[in-house]
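Heads up, there are several structures right after this.
Next come two complexes, and both contain chain A; in the first it sits with chain B, in the second with chain C.
After this line comes the complex of A and B, so read on.
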């Protein structure tokens, strides 16, 4: 089945992923307790989230990352589960250009490595996300986030369809959540599988005590989302993009 | 907490059970707060039946400590907040407030929380009925598409709020993530005819109250504690009008009341009833004969009353602008026979004229102060005075041209009813008129109050009405009015 899909997709090869530079910055962590400001060196970032088409190409070249072969340790059963039905009903341009979801952190990491890239650190991702939209539909990123949380974004949107920021990077908000290399950093724990070490800072009053800005609830939600993840988790609204050091 | 070690683990004999409950009750008097947590054994397993407001799961009553499995699903969905107003709610079970959970003291609750895969956000649950870190929140943070499980022993009886405690906590609660869990006392609650689940909460929308379309959460309004909506059971009118709760006269009602907040404290009141009993703050303290009970944000109360007479009861937050302007109102319709010993219904309706003189006139009639001697007037003088007096005393109902209002206020123009009266209508002005009359073939059934005027003034009004509206060439004298007044 995968082979058939690859043949079909071959007719519309996924364009090579454009990358843009994210300038160096000093990243101020959202949580005060989360060490002090961090210097982030300039890096290049995929302008768009990784698509189904691109990930399918990766899987066909690296069959150990297919849904059939992958180890449960690296991805749970829902891994790439949206492909089976949707992709078999003929080539779906829409799906091909949608961000790939239902991918684990391990798989996302392997994909980036296969491209000679890596997953962004949380500090890098958050730094890139600070860049304001140039799209006239939105005044600022917070408007995009709120529309997204309120489920006002169209279902099945393709990559590059939400907004572009001043660095030329698309859809850091409004399309899918994205994996970061150190997504579990907020847990203050080496092992995020240890439920006893789930972040105390994210519960009740302590969350706002430690936050740099208690009113920044859009950011709270993003950090809470990351805190709820484990490396082999997949999600219907969780994808990724890659970066490269300069 | 009651000392659960008194509760038997292997009891088979119901009589023995009663004895032990008696012992437990006796123990409780000396030890009304939480004692040591030595727990009785748990026997058997049931899956909790969960209900949406205003329904409540069935009474549990006497039984062994049991393992109760609770399956609760978090669903993010867009629903009606008010007519024409939609909101993206985050829910425990698909509705706001969340599912009502009912267990019994001593039960072992195995809690399964599911975060629907189509959800956008991680969630967890903090049950105030849990003794343990975060009320379960610590053990239950889950990403979309995940389930989590934890267990707790229901140590304390009472009615408890549960809510989501994922950062930002306020936003999760403000979007609808709260509900109630009842931990029945060992001996159960006394039987009643109806139990209802009513939970108050507020919503902070980007638009003003009533602004149509989909509304977003407004963090600034939430920080300012200035909600656009304060509602009972999740939306404006959720249990009012056609969706009102219904009971019959003579039946007893128990309300399980919660306040999800996130900010406001509710001054909960039922218009038309007095709470016979209130379990204050949902705990063990019972107050009686209560008009309004405070429900803290993140707190509860249980209220009971008997519906003695028919009618519609309004459940409100007596911070009353919330009720009538922001939506904090639910209704119970009571049907059945009137009981006039308790409430008569409307016995009389009269127009109240606040000037002292008019009250005197109405009440004392013939024994009014002796009238001053006023000289009689000419027709022209009476017409001029009558016109002014008419506009002040009569025009509001009978209208400027004497046409009245069809079906409500009878006309004075060419009025067969007026012309047929020997006293020229003076009696009506002096004494008022009530009941059904027919004027020019049309029936009227209304009340005209006695008008507080002296003989001279009445003579002028009548002269004006007869000449202006009925083409009569009549001069009515004050002395004529005086005679009619005496009759």
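After this line comes the complex of A and C, so read on.
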């Protein structure tokens, strides 16, 4: 009996992901057309992106989220397509500590909920991402982003390998893009009464006019990328991490 | 390096323009690839895959899949909305007006609230009465979580603002009998006849 208990305990959850506090801040939206600055309350955030190993555990416990069972409404066909059978059978540990990618918004959200957490709002994610790097080869986050955009993304990089910021959170840039709860927020303009259209200026030519800082290409690319997503989309370089309200 | 970055940005801009156009023409065509079907034969891309309980204006608990069998004209609103939502409801009434009484029994009109805290069933009931909505109209309220999931599926994005108003897109969609999105119309006071045609195509005889 005791033995069974020990076994059960051993089989239950992997060590919980480390989380750090992101202090309260006022988030100023990137696009002027967006509603004015919003107050972001302090929250805790996973220090690292969710790994393949952690996501595999989630899928094992929640088989409706396996590549085999998932419905197309919730994830397109490429969902978890980088997982080899060797990995899912626990024979290959190479993927284990790499960030999970090829996950949809629905799957990412379900994972966070299973941990008693949630996906960050865009304002929360952007607030966390403002924190400057420490102990790294980069001067500031923009350096990281520009370096990241201008080279081929490294294959096989593990979570925590790019940089740590002043809040103790790793790799908000330089590893993978990350889902936010309201990724679809930029899909409509501020004045919803007039139009539900994508703000055309966001994409075509006149783009930079509405941006808070026209020189901020790096940020612009990130917003444009988010705006191109749908809830069941997956991407080879698109992962996520979770947060929790304080 | 800057050159590379600029090129990247330019490419993503172009991609943005192109994909946007594409989206307009084929946003609602379903991929034929529906190998994966659930036990109840709900297609993989059906909105009815969202398997959650919702409350109706009559305080009945239903799942979206209970709408299956008839096409659905669906949108999202909230009852404290002063301007856009009454216009949306009036749009839907215009569309409904293009059908005979008998035909109206052959489809559902569904309004899902963005605002589950305030739009409790009783409130929805009052709204339906004030707006004189017919018996084929269903008003739904669910949790914040499922409301958000549905909005992402329908691509009707919204944001709850601190002043308790809601910033939201105005789109209506037509679902076929299995709950797949077959038609979408963005904006208000736009072509009711086009929506009616899309709906009629799904109604059969």
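Following the convention adopted for this analysis, the second predicted complex is superposed on the first by the 206 of 246 C-alpha atoms of A that agree within 3 Å, B and C clash if a C-alpha of one lies under 4 Å from a C-alpha of the other, contacts with A are read in each partner's own complex, and residues count from 1 in each chain.
Following the convention adopted for this analysis, contacts are C-beta pairs under 8 Å (C-beta built on N, C-alpha and C of every residue); 3 or more make two chains touch, one makes a residue touch a chain.
These figures come from a predicted structure and were not determined experimentally.
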Touched partner set for A:56, first chain B, second chain C, both or neither: neither
First, second, both or neither for A:73, with chain B first and chain C second: second
Chain A residues touched - chain C or chain B, whichever exceeds: C
Partner chain in contact with A:152 - chain B first, chain C second, else both or neither: first
First, second, both or neither for A:19, with chain B first and chain C second: neither
Contacts of A:235 with chain B and chain C, given as first, second, both or neither: first
Contacts of A:112 with chain B and chain C, given as first, second, both or neither: neither
Which of chain B and chain C A:224 touches, first, second, both or neither: both
Common interface residues of chain A - those touching chain B in one complex and chain C in the other: 146, 149-150, 195, 198, 200, 202-204, 207, 217, 220-221, 224-225, 227-228
Of all residues in chain A, those that touch chain B in their complex: 78, 146-152, 195, 198, 200, 202-204, 207-208, 215, 217, 220-221, 223-225, 227-229, 233-238
Sites on chain B touched by chain A in the complex: 76, 78, 88, 117-118, 120-122, 124, 126, 134, 137-139, 141-146, 165-171, 214, 216-217, 219-220, 223
Of chain C, residues touching chain A in the complex: 1, 4-6, 8-9, 12-13, 15-17, 19-20, 31, 33-34, 36, 38, 44-47, 49-50, 83-84, 145, 148-149, 151-153, 155-157, 159, 161-162, 167-171, 186-188
Interface residues, chain A side, partner chain C - complex: 35, 38, 71-74, 77, 105-106, 109, 113, 146, 149-150, 181-182, 184-185, 187-188, 190, 192-193, 195-198, 200, 202-205, 207, 217-218, 220-221, 224-225, 227-228, 230-231
